[in-house]
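Have a look at these structures, which come just after this line.
One chain, subunit A, links the two complexes that follow: it is found with subunit B in the first and with subunit C in the second.
This part shows the complex of A and B:
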């Protein structure tokens, strides 16, 4: 049975439609990520699950019970906020046990819960401090502790790591993942960071302009994007989009790619050509991730000669910025094989992994 | 060796001189504020202190000279002084309770969104812009008056005997007027406090299962703590020196029922012309105000420090 079921949910603020027909069903113990740019409606959706925003249309059920009209306190949900939202006048212990106190849990039991949670998050020595005396990372730990103490049916995280510095963010990310593995409670996690989304989620809902663009496992989202938006949002550096002409008949289609000088023709796999033929368009956008655009082996026939504009070493990989069909693209190579800026390099496209989108609708066609 | 030492001290002296010259304008720029403070505060205070130890009664111009503690002894044995002190404290305490209580209630009301809030808020703040003397006259002649007053008309309409408020309930009337004037101030300050309350704290406390009362008790009140102290401090200082409302309405009466310390000092000086005793009473008032100020400033300072750490 689904822990959380979001059915045909829409939301309007005045005349503005911020969420459009959202459908998500969450399994027991699942870690669901809502990812998207600012203003895509992901936080609004989270607030609607929490009961902090009303639902304009549709239905949200929690443990099989409709919660459309239930107040936040009537839902068995705990939330971790972006700006921690700790109670400044209470020390850490009282912050953690506050939710239990409100629910009338006996003092002894509260004490035991606080000890257990503090131990789990390694904040035992901070229990008597006020939030003002804590660092950002410590505050977020306390905020997570406050949510844990309640032992809710569902955890909500609203960009919990976006206020921490880069190093701490990576550490906390791992800790949250460990926490989820240990607790096996369902979690909904909102973020705009696609790396957080990829690393944490069992499933990811990529949101844009008030709609779920794609809902799937990180691998599905990465390898099999539903449209150009998802393809461009997930992945760093971003996927290359090259507008190109299709040549030839169904079953024997190639794309024309022009690098620095001459035109290269790339034959496409048959499965791809069939789908492209079914669609019928002659001009399409080809999506190739940087790791599938690499320097070609010597003498390779289907290589594109490109002049490298910028070389960007990142440590494990070196990225090469160049142009194909007059559009900027990024290729990846080993640091040991990195050319210099200004060199002309033959690049090969892994056509098996390339994806194709419609020029206008940006929908995936092959 | 010796010559270098003298040379060093000489350069050091020159450097000190340059430093002094560099700082000189600061002194001059500070001067107006310092002079202002001297003329307006220190000089009158010193003169009051001096007069309180002199025989200085305009009705008895022949008796002059050093009085020692006589003025203070007279004051000590004057029951009116003690009653004035009690009335002063009573006014401060009751007015504080009423203005802060009502101000908080109104602030909570005006923090909510409703149609016509802007107009209603402006109207609610209006009493604060009425001068104390005008406040006294409005209440005396238009509201409290047993014949022409609005309250008298209301009582008569209901078939009741009108009450002569200023004669029958003098202190209540004074407290009402002062509270009417100062509730908007409390409301304004507390409202700004409410508006600075982070929304996510309220959301967090709701998800933690709190009801409206818990929200108020555990989040709103602690958040308002600092502004509440500011309101209490400023209002106590103003309530301690309430004068115009009393002067224009009850003139300290009936009897001495509404004579507070400022009015007692005024009467001593301009009715009995005993400047010596009045000065002694004024010193008493200064001491009282300082007792308040020390406690409150400590309170506020402590809170401000706590706020900085936040």
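This part shows the complex of A and C:
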């Protein structure tokens, strides 16, 4: 049975439609990511699950029970906020037990819970401190502790790591993942950071303009994006989009790619050509991830000669910025094989991994 | 010559400094001299006042002025001093301060954390209340008090001051609460706290500075008020400000008893001074709290 079921949910603020027809079902113990740019409606959706925002249309069920009209108190959920939202007047202990106190749990039981949670998060020595005396990482740990104390059916995280510095963010990310593995409780996690989305999620819902653009596992989202938006949003550096002409008939189609000088023709795999033929367009947008645009082996017939504008070493990889069909693209190479800026390099496209989008609708066509 | 100082602000040389301190001392003297004259005069005998120097210290030191002002000076036909009226003022000031502060805090909480359709309009209307002068309230309020049977009573004054003060306390509290992150209230709701318990356990404990501002502001306004007191009450129900006026203007013997007048004025002003001293350190903190988040 689904822990959380969101059916045909829409949300309007005045005349503005912020969420449109959202459908997500979450399995027991699943880690679901809502990812998207600011203003895509992901936090609004989380607030609706929490009961902090009303639902304009559709239905949300928790544990099989419709919660459309239930107050946050009546939902078996806990939430961790971006700015921690610790009660500044209470020490850590009282922060953690506040939810239990509000639900009338006896003092002795509250004490036991606080001890258990504090031990799990290794914040036992902080229990008597006020939030102002804690560092950012400690505060977020306490905020997580406050959510854990309630032992809810569903955890909600609203960009919990975006206020931490880069190093701490990576540490806490791992800790949250470990926590999820240990608790096996369902979690909904909102973030705008696609790396957090990829590393944490069992499934990812990529949101944009109030709609779920794609819902799938990190692998599906990365390898098999539903449209150009998802393809461009997930992945760093971003996927290259090259507008190009198709030549030839079905079964024997190629794309024309021009680098610095000559035009190269790349034959496409037959499965791809069939789908492209079914769609019918002659101009398409080809999407190629930087790791699938690499220096060609010597003498390769389908290599594209490109003049490298910028060379960007990142450590494990070096990225090359150049142009294909007059559009800026990024290629990847080994640091040991990195050319210098200004060099002309033959690049090869892994056409098996390339994806194709409609020029206008940006929908995936092959 | 300008030199860099610890706080990084460049200040002038010694001449400029002398000028600055001189000016400050002059200003301090300007404000403190009247208080000095009041204090010394209140402890003098009538003979010393009429014969001596205005700035001389009291010799002999006499408490007669204070005793008479408190318990036997005439305010109109009644000659029992200010004590009765002092307690009158306490009786309506304390509840009115507490009521208007409590309502202001609740209003501010609702207007910032539980916004509803039209809440900004309601806040705007309340804001208008801070611009309406006292005088405009007089006639309609007199009618209302008469209709509900609270005219010429301490309870009536409590009501008038509470209602008039809510506009100010709401403004103060609303501006303070607007700087408190909404996430705090959301967290409390998720934790299962109700509207009231969120206020009680989360908002109220961090409101001390702004509540102090409300208390000081309201206490000063209400205790020092003369107009409402003189219009809405008479005789026995007068507040101390009206009684002080009557005391000063009642000269049955034809002699101005300045020591009694001065003592009476100090007695009247004392409670506000005490409130300022006790709660004052929160005052500045509260007034600036909205500006700097955190």
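Going forward, the second predicted complex is superposed on the first by the 366 of 366 C-alpha atoms of A that agree within 3 Å, B and C clash if a C-alpha of one lies under 4 Å from a C-alpha of the other, contacts with A are read in each partner's own complex, and residues count from 1 in each chain.
FYI, contacts are C-beta pairs under 8 Å (C-beta built on N, C-alpha and C of every residue); 3 or more make two chains touch, one makes a residue touch a chain.
If you're wondering where the values come from, they're calculated on a predicted model, not measured in any experiment.
K.L.:
Since both structures carry subunit A, what do subunit B and subunit C do when superposed there: clash or fit?
P.N.:
clash
K.L.:
Return first, second, both or neither, reflecting whether A:258 touches subunit B, subunit C, both chains, or no partner chain.
P.N.:
After superposition on chain A, A:258 lies in contact with neither partner.
K.L.:
Can A:162 be said to touch subunit B (first), subunit C (second), both, or neither?
P.N.:
After superposing on A, A:162 lies clear of both subunit B and subunit C.
K.L.:
Considering only the touch criterion stated at the top, classify A:102 as touching first (subunit B), second (subunit C), both, or neither.
P.N.:
Both partners, subunit B and subunit C.
K.L.:
Is A:133 touching the first partner subunit B, the second partner subunit C, both, or neither of them?
P.N.:
A:133 sits against subunit B, while subunit C stays out of touch.
K.L.:
Quick one: is A:89 in contact with subunit B, with subunit C, with both, or with neither? Answer first, second, both or neither.
P.N.:
both
K.L.:
Going by the contact definition given at the top, which residues of subunit A touch subunit B in one complex and subunit C in the other?
P.N.:
Shared contact residues on subunit A (touching subunit B in one complex, subunit C in the other): 47, 50-52, 71-73, 77-79, 81-83, 85-90, 98-99, 102-103, 146, 150.
K.L.:
Which part of subunit A faces subunit C closely enough to touch in the complex?
P.N.:
Interface residues on subunit A, with respect to subunit C: 47, 50-52, 71-73, 77-79, 81-90, 98-99, 102-103, 146, 150.
K.L.:
Under the stated contact criterion, what part of subunit B meets subunit A in this complex?
P.N.:
Touching subunit A: residues 198, 200-201, 203-211, 214, 218-219, 222-223, 225, 306, 309-310 of subunit B.
K.L.:
In their complex, what parts of subunit C are in touch with subunit A?
P.N.:
Residues of subunit C touching subunit A: 181, 183-184, 186-194, 197, 201-202, 205-206.
K.L.:
In the complex formed with subunit B, which residues of subunit A make contact?
P.N.:
The contact residues of subunit A facing subunit B are 47, 50-52, 71-73, 77-79, 81-83, 85-90, 98-99, 102-103, 130-133, 146, 150.
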